[in-house]
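You will see subunit A twice below: alongside subunit B first, and alongside subunit C after that.
Our next item is the complex of A and B:
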């Protein structure tokens, strides 16, 4: 399979339940060598071979970039998702051999920042685990505001408090604790960069308030991996390769294209990097665009689709693949 | 068997020469009898033995002399090496890359011993044996980028990646074809390419930037670029234009073979792991016309390329003044017979 990155043969060295929804997986290289160095905010794409089906899901690396003996990811169980997280939770055990991509960073720290202000929601905490470790080792100036539903679902909250003490602030939904966002964003020193990772609604809220309060767009960073959503099955014609394929309910369009032996380039598989952008030759129906790459104009035009996260409902769809 | 390093100069008496083996391994940049810009980028993977691609970071017989020339340039003008404050981490990334690649390709000349963050670097050609703590700037005599690029052939630009663009935020630039790090430092990809003719209209830079910002760790890429230089001078910088600019008026039919050099840049692009920056090594290879035309295919092809080059390009590359003399000299070596496809000599 052609990809944007080199592959790493790994073995699961540990599986650690973190709370009722989240489990952590540790990977080591099968040949015993060190893994490639990475930077805080990087992700890997994990290949999941589940019988006939191969899923490829991106997960943020959450270990310290200074320790490359192992990679660690945390997977939140999504009972309504397409089954990738359930596969990880139910079938992956210590000793399972897997393949992951080289690290790719689409949520990089801006090292010019005088201060790094981080806002995490839920499982969006994972890239910040690596970024805070990287910054702490360099004496970097950061502050993390972390919102979770309940204390027991506050993944790694205790660990972060223990490591960084007052640089970490926790907010619990069930106690009606809320980030006083306007106050926070209005009281930062010049040269602060803002990073946000969490649910879409939270990212939109933070970006809107930052813009309203005059933050320059280049100081606001966000990670927006949309997991591909399941949906009604649909048929697609791949004009260049002369194939007609069916996209199953639990399959992404990109996965269905790959299963037919056609390999578009990809990096994030989450609708942000732009690599798998595909031209639409003709369609009769409605697109369900879930990406953050194409412009609204592109979405309206019906000429382009990001097959990693977007779907289609209707009579016919012909793609330039 | 190690490399025999030449004692030679790139200034004053210009004693630079290529040995016969190095003439044959010269990275001749024309695969056909004409030239136009293209996004000629390909994966930077190891190439044939005996070529400049045998190792991903090439060390050749000019290594010691080039490092001495770099030290002279820096002594006169320290601003040829600059690193903005946020680029130190990328400097460590580059130090790791160059030490590992040089030790891997040339174990008889370079050795790297790593024990956690305690590193020992042995550079036999330059007589260096240093122990230091990786990540601790106070344990090296220079910053990490300057330290290792004083020991590595070629110029190095480190490009920070942010806001969907690349920014020239650090570099060691002493062997350049008429551009200045001190002028370009802090500029983005479009700003520093602004003077290049024709390529903007072709949308080349937009596509090139898209490609470069997607370069992945462990998957470097490369391209060749070229120009011509009078005398084997590595430092053809704008800062020193008064020293080399007038050389272009000294070309005569009698001295073309000795004075006119094809200057080829092997440019490669690497994602750096800790900083997520891109390093862009620009490795310069020089060959005088007398050496180049020992390969009849190259003589014929170069004649046709230079003769048919669009005027804008000839002007941008600074060839205009001596082009007629050069074309006339090369025409005598071109019998009109076809050239074989590909870059290499027959």
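Our next item is the complex of A and C:
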């Protein structure tokens, strides 16, 4: 019951190393038809069948929404992660047949905005690749501020500068270049919307400053896919299905539930959309909440969990699933 | 207080100080009281970054109460129409960080919001508080003319003369309630006219 995640059979048409950490993957439909249309900021969930294991990771579509002959994603290698990015980097080749979901957009442009101010950090640049292409085609007014660690890790920085010239401003950590955020936020014309994608610390910083400087919440958009973090294994009882399952170190709770043959709803698999929200019937232990969906109150209450990214440590956990 | 009905009928809240760098108030008549109430809850330096556009109305009350708040700018207008160029100019030069507060009659809130929407502010970002008259700004859906200060149900269009049912159906874009001919089948049929929007 994966709401909105109708599947697409695709084949990898190209694999392009971008820099020492990032590789780009191109997908085309196996039947040669056009892919479904999408808007800038959309992501697809990529199924990675790795022997016995299936991982489902969300990646932003970074191609132009005007071209649906192919979907492109950029994957940053995460050596300490659960292995999804390593699988993509090591095992996926041109010609590999894969399955991806229909695109879903949880980070769309608000086209009523007079101006779009975009802040990207690191691999958080990918949704802006599609959004800038969409806006440029419509003569939209945008400005992109992109922070990267070093010039060589500034994924697509050269391309963006070439395409959009002074509408793109680059900041390099190794040169101590920093966004003058308060000044930037205070000098925007009325009707500007703000978009931020990058590490969670950056998103938190930008949201806090924007709120303090009087940006209404509806003008501030952010996306942070919290990739599921590995952790200590734990046992869970699924009360409705009458099953007790073990969540392995490298597995998410959602993946463990699916592996047990239970089919819960999901959409983003990154802790932002709210689809997989699950009620807790009882627990004896500590939750490790990693989502951006539940309120702090929900987190404290211990009554709900987002199984796509959150974990548990303790004696027992019973879920209404 | 405006009663809740269909979803397009605006509902109003209570002004409260918002985080921001500049604060723009537009109010008429008793709307000044809402600003004074907000002042009681606001941080001390709040009105140092405030601009108040106030239309006192015929009796000229409340202007002194607003002056006492020592706003950076206080403008007293004779009518909303005469204050509108100033409002538009202020919005055109404004930056993000400006917060907008509207208080007073429904016609004033609606028309100031219309100018704000045109300047790119989302209606959900605007603080509103209703006080005073419930008289309606009405658009005749037939001739498109706007009749101000409608207090009766039904009401006569001041442009084409049709007798109109004043609906709760509201247009933010036009800042007006919709008026629809009440006796289209038989114009000689005149329902009782009551004063309901006081």
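The rule is simple: the second predicted complex is superposed on the first by the 318 of 321 C-alpha atoms of A that agree within 3 Å, B and C clash if a C-alpha of one lies under 4 Å from a C-alpha of the other, contacts with A are read in each partner's own complex, and residues count from 1 in each chain.
The criterion applied here is as follows: a residue touches a chain if its C-beta (ideal position, glycine included) is under 8 Å from a C-beta of that chain, and two chains touch if they have at least 3 such contacts.
Keep in mind the model is a prediction, meaning the values are calculated, not measured.
Contact with neither subunit B nor subunit C is seen for A:151 once the two complexes are overlaid on the shared chain.
Once the two complexes are overlaid on the shared chain, A:218 sits against subunit B and subunit C alike. Of the two partner chains placed around the shared chain by superposition, subunit C is the only one that A:189 touches, whereas subunit B remains out of contact.
Between subunit B and subunit C, the partner in contact with more residues of subunit A is B.
When both complexes are overlaid on chain A, the residue A:112 reaches subunit B and subunit C alike.
Overlap of the subunit B and subunit C interfaces on subunit A: residues 112, 218. Chain contact summary for the complex, subunit C toward subunit A: residues 18-22, 91, 94-99, 119-122, 124-125.
Of all the residues in subunit A, the ones that touch subunit B in their complex are 4-6, 36-39, 41-42, 65, 102-105, 108-112, 134, 138, 218, 267, 273, 275. The residues of subunit B lying in touch with subunit A in their complex are 84-87, 89, 160-163, 214, 216-219, 273-276. By the touch rule above, subunit A contacts subunit C in their complex via residues 112-114, 185-192, 211-216, 218-219.
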